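The structures come next, written out as structure tokens.
The same subunit A turns up in both complexes below, where it pairs with subunit B and then with subunit C.
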Partner chain A sequence: MKQFIELFKPKTKSQTTTMFAWALIAPAALVMFWIVLWPLYETFRLSFTNSNLGTLMGGADFVGWENYEKAIGGRKFPAIVTRTFYWMFLSVSFKMILGLIGATLLASNIRGRGIMRALVMPPWIVPIAIGCFGWVWLYNGHFGLLSNFVEMVGITDGPFSFLAYKQSAFYSAVVTDVWIGTPMVTLFFLAAMQGVPKDLYEAAYVDGASRWYRFRRITLPQIMPTIVSMALLSAIWTFNSFEIIWILTEGGPRGATTTLIIDTFKTAIFSYKFGAGATRAVLVVLILGVFSVIYLTVLGRLTKKYNYGGVQK
Partner chain B sequence: MMDKYSLLHKIGIYASLALFILFMLLPFVEMFVASLRPIDHLFSRPKLEVGETMGFVDFMSRFWSDKMSFQAYRDMWVTVPQLPRYIFNSVFIASAVTLLSMCFIVPAAYAYARFNFRGKTTSLTLFLAVNMFSGAVLLIPLYKLLRSYGLLNTYWAMIIPGVAFLIPTGIWLLKSFLEKIPYELEEAAFVDGASRLYTLRRVILPLAVPGLIVVGVAMFIGAYAQQFLFAITFNQNRDYMPLPAGIFEFIGYQTVLWNEMMAASLVGVLPVLLIFLFMQKHLISGLTSGAVKE
Partner chain C sequence: MATVKLKNIYKNFDETEVLFDINLEINDKEFVVFVGPSGCGKTTLLRIISGLEEATSGSVIIDDKDVSNAPPVERGIAMVFQSYALYPHLSVFENIAFPLRVAKVNEKELEEKVFKAADILQLRDRLDFKPGQLSGGQRQRVAIGRSIVRDPKVFLFDEPLSNLDAALRGDMRVELAKLHQNLKTTMIYVTHDQIEAMTMADKIVVLRDGVIEQVGSPMDLYHNPKTKFVAGFIGQPNMNFLKTTDTEIKNKRLVANIGDLTLDLAVDVSSTTAGDEIDVGIRPEDLGVSASKAGVQMSVDVVEHIGATVILHGSVLGNSNFCAVVPSDSTIKPGETVNLIFDFSKCHAFNSSGQALKKTNKQI
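Now for the complex of A and B:
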């Protein structure tokens, strides 16, 4: 035992530092092991069993790859995966575009921009669930604002239930997701824009560059690193987005808004098929992991080729 | 010169901003209007003659009724007697999550901000990788874990996962604050013979108070916002339900009392909105400081 303790005694100054640093990190790291890492391993293990309500606490049988075969071979699986990526792609694109537009507007030198910056934030500050309750009412078929509006403008002949039809429910969910995600993207783009050195703009201005040209050739390349990281972060969160869809449609109508994460929740929590649910959870993690790696590799290549953001360092 | 806009330009900027803000605030405005309308007005459609289509005036009539009042803000406490309890639970859970998570965040952020040590980058990356996992992916084992400790249907069932999923972001935010505190101060303390822990407690923490407040507020807002998934899966007990989960039950009623539901929602978000209003400037600059530096 004494030798064991001896082994961990610091011998140099840098070792002392390392040990002190790790002692400070240990509590947080332990929580992560307990609440994230261990459950992650458990999910992985459960995905190979037929665990259900009766066998949750033990006694489930090992079934090998059966859950995976059933999940991936399932009739609906390809549609769900395609839908999830389409959902992610659509929502993230709109968040990025709206975020860029919003940040550019808010960065302009006009009166009242302080107040306007604050007014853009509420969708992010307010609990997601509560914002969604507002949207459920907005989308209401007979009495909702949007239904009344499209009827007035003449797009539809009568009341229109946005959440009742497959197509409209899906795009309605996208709109709500964009609404919730845009403020944060806007804020980070705005901060990045304010970090761009002023003299770059001045030099370009003196050379007679137009506003659009300055945006395209200075602002965009300068904030490209922020755009790239926000897009990835946003993609991961949108992929994982649960509350919005669940409150608006619970994955319906007829599965039209069922993404992978909704499918996971439905299988595991609603049908008590814990093994099959865990399989879907593992697939979510795997797909996201592969996606992130591909995204970063492709971007790394592109950066080398076109030297995006190369101006600043 | 460069920042001067022509009149047309100015009008364009203000008009686009107005549209942008309208999109961001529309649901809240409509929630507020709905909360003022009596329920029979809420569930009435503009009176149209046979063959007539809805016009602008008919459309606008939905925003106005002679009987508009704050009645829903009084009635909601009767319809849902547990409402005060829900609001208390929300604030309580968010406060507990904030306090607990800060206990883990502060030392770890200090270590990352101040020391170079083996495994620094790797472990920080691993912390941040936690953001990749949604709570929904880990629900089953978390359910199992909480059940085996007998913590299902208690406040802990919502506090513990809440803390865990906020720690990584908190470390990241606080780290960039601590990095701004000049290192010379610590060296001076070291030279005077202060221990590492003493330096942390007496030199760094007092200087870090503004940063601690900003990160604390961010954690509170985050904790307030995430009270849905864990609440509907790990807790069936009405006495411990946070507001979003409580209001979600409204939707299940046969006729949804939308005016009261909207009133309750708005009252429920008041705590975070007020905090945000007071802290807005510091919060925004604090949250983005990490992004700007890169």
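Now for the complex of A and C:
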């Protein structure tokens, strides 16, 4: 025993420092292990078993790649993956475009700019669930504002329930997701735009560059690192966005709004197929893992490309 | 090749009056320096000439054409900013080419012009670099290159050297002077550094609190400052001032008494009465050290050896910020007392409102 303790006693000063560092990290590391690593490991383990409601009491069996074969080979799976990517692409594109337009407007020198900046925030500040319930009402066929409006304008000739049809439900969910996600993107872009030194614009203005030219050749390249990082982060978040779709449609009607994350939830929790659900969760992790690698590589490259070496303050 | 005329320029920012009735004529090919302490309105005036700022009233006339309401690009000016304002994401080539790209100049002509500018500024081997990879002086040259390619009628410089270290600033001063000789273009240059103004300018415009204090050639300003402010601002080290204890007027000459010292000054006394308080100014380099006991006593606190000369700091007749420049072979040490000789003809006199009393050149 004494020998064992001797083994761990610091021998040099740098060892003491290292031990101290480990001691400081230990509590956080333990918590991280408990809430991240262990569940991750459990999910991986579960994904190779037939764990379900029936096996809760006594041992689920190891089934190898069966869950994966079933999931990937499943009839609905390709459609779900396609839909998830389409959902992500559509939503992120709109968030980026609207965010850019919004930030440009808010950055311009207009009266009441402060109030407008504040007014951009609510979709983001309001709890997602509350915002979504608001949209559920808006989309309602009988007493929803939108239905009434499209009828009044003459697009429909009767009550229209937006969330009741496959096509309209999907795009309605996209609209809501964009509504919730745009303010943050806008504010990040705005912050980036305000970081662009004013004299760059003045220099270009003296040279006769138009507003659009200045935006294209100064603003855009200057905030490109922010645009790319926001796009990739937003892609990850949208890919994983669960509560918005769930509150609006629960993945329906007839699976029209079921993305990979909704499918995972439905399989694992609603159908009590924990093993099969875990498999889907692992697939999500893998796909997002690829995204993260892309994110970090691209960001690294951009930082290098736009490394100004402190030319401007 | 252009003249610039400013007529009755006023500028207010909200309630604050920044420029007050500015009238100025700048000749073709002249190198004009606006100089003054920070907040005097010199940069604002430059920005009004450039078109980045609009005057509250008054007009800017370039080459006999009123451009007061024209955007900068139509004024035929090019501006070099204090921060250089280089585009960090573009190469040196693209930075210099930027104005030409805006003007949609064809690729061949564009390349020619950029190369020509790069040759003038010795940037040929730096064209593929990003601004972040350049030294301060090189960045400065890129900024100048960007203004050269446009062949402007008037160059505007806004404190272009203030971000450089002292040694580089000296080099760039010479380079800019050479550039002016080569390009033979009207240049307007803003600085708070009176040495830059003295060394480069054909004409110096001294501004103070939004008003032109004096316009003139460097030596004119040095020898004949119209106000106490100009006298104190131009020249390094600064001019010494002594307050009179009593004044008399004899034979249309001013006799100024400062303690035991009596100075007989050949200045215009038509607006002065005996007993008026007068500030007498004398430049540190116009003082001599007396070998005998004659002259005014100065108790020396600090001795600065700068090579060619020695600068003495100390007190004279109650002014404890008094300064004298003496030859480098001087052996005076701190704590000692020296006797200074005042050359009457080199003394300046200023009345209580800071206006200089004109020298009459009447010898004794």
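FYI, the second predicted complex is superposed on the first by the 260 of 313 C-alpha atoms of A that agree within 3 Å, B and C clash if a C-alpha of one lies under 4 Å from a C-alpha of the other, contacts with A are read in each partner's own complex, and residues count from 1 in each chain.
Note that contacts are C-beta pairs under 8 Å (C-beta built on N, C-alpha and C of every residue); 3 or more make two chains touch, one makes a residue touch a chain.
In this text, all values refer to a predicted model and were calculated from it rather than measured experimentally.
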After lining up the shared chain so the two structures overlap, which partner does A:V284 touch, if you call subunit B first and subunit C second: first, second, both or neither?
first
Quick one: is A:T82 in contact with subunit B, with subunit C, with both, or with neither? Answer first, second, both or neither.
neither
Considering only the touch criterion stated at the top, classify A:P159 as touching first (subunit B), second (subunit C), both, or neither.
first
On subunit A, which partner touches more residues: subunit B or subunit C?
B
Tell me the contact category for A:N148 with respect to subunit B and subunit C: first, second, both or neither.
first
Classify the contacts of A:A203 with the two partner chains as first (subunit B alone), second (subunit C alone), both, or neither.
second
Taking the superposition on A as described, I'd like to know which of subunit B and subunit C A:P221 touches: first, second, both or neither.
second
On subunit A, the residue positions that both subunit B and subunit C contact, one per complex
202, 205
Residues of subunit A touching subunit B in their complex?
14, 17-18, 20-22, 24-25, 27-29, 31-32, 34-36, 38-40, 42-43, 46, 51, 56-57, 98, 101-102, 105-106, 108-110, 116-123, 125-131, 133-138, 140, 142-143, 145, 148-149, 151-152, 154, 157, 159, 179, 182-183, 187-188, 190-192, 194-195, 201-202, 205, 225-226, 233, 236-237, 240-243, 247, 261, 264-265, 268-269, 274, 277-278, 281, 284-285, 288-289, 292
Could you please specify the touching residues of subunit B with respect to subunit A in the complex?
1-3, 5, 10, 13-14, 16-17, 20-21, 23-28, 30-31, 34, 42-46, 53-56, 58-59, 62, 103-105, 107-108, 110-112, 115-120, 123, 126-127, 130-134, 136-145, 147-148, 160-161, 163-165, 167-168, 171, 196, 221, 224-229, 233, 243-245, 247-248, 251, 258, 261-262, 265, 268-269, 272-273, 276-277, 280, 284, 287-289, 291-294
Within the complex, which stretch of subunit C touches subunit A?
50-52, 71-73, 77-79, 81-90, 98-99, 102-103, 130-134, 139, 146, 150
Quick one: which bits of subunit A touch subunit C in the complex? Just the residue numbers, please.
197, 199-200, 202-209, 213, 217-218, 221-222, 224, 305-313
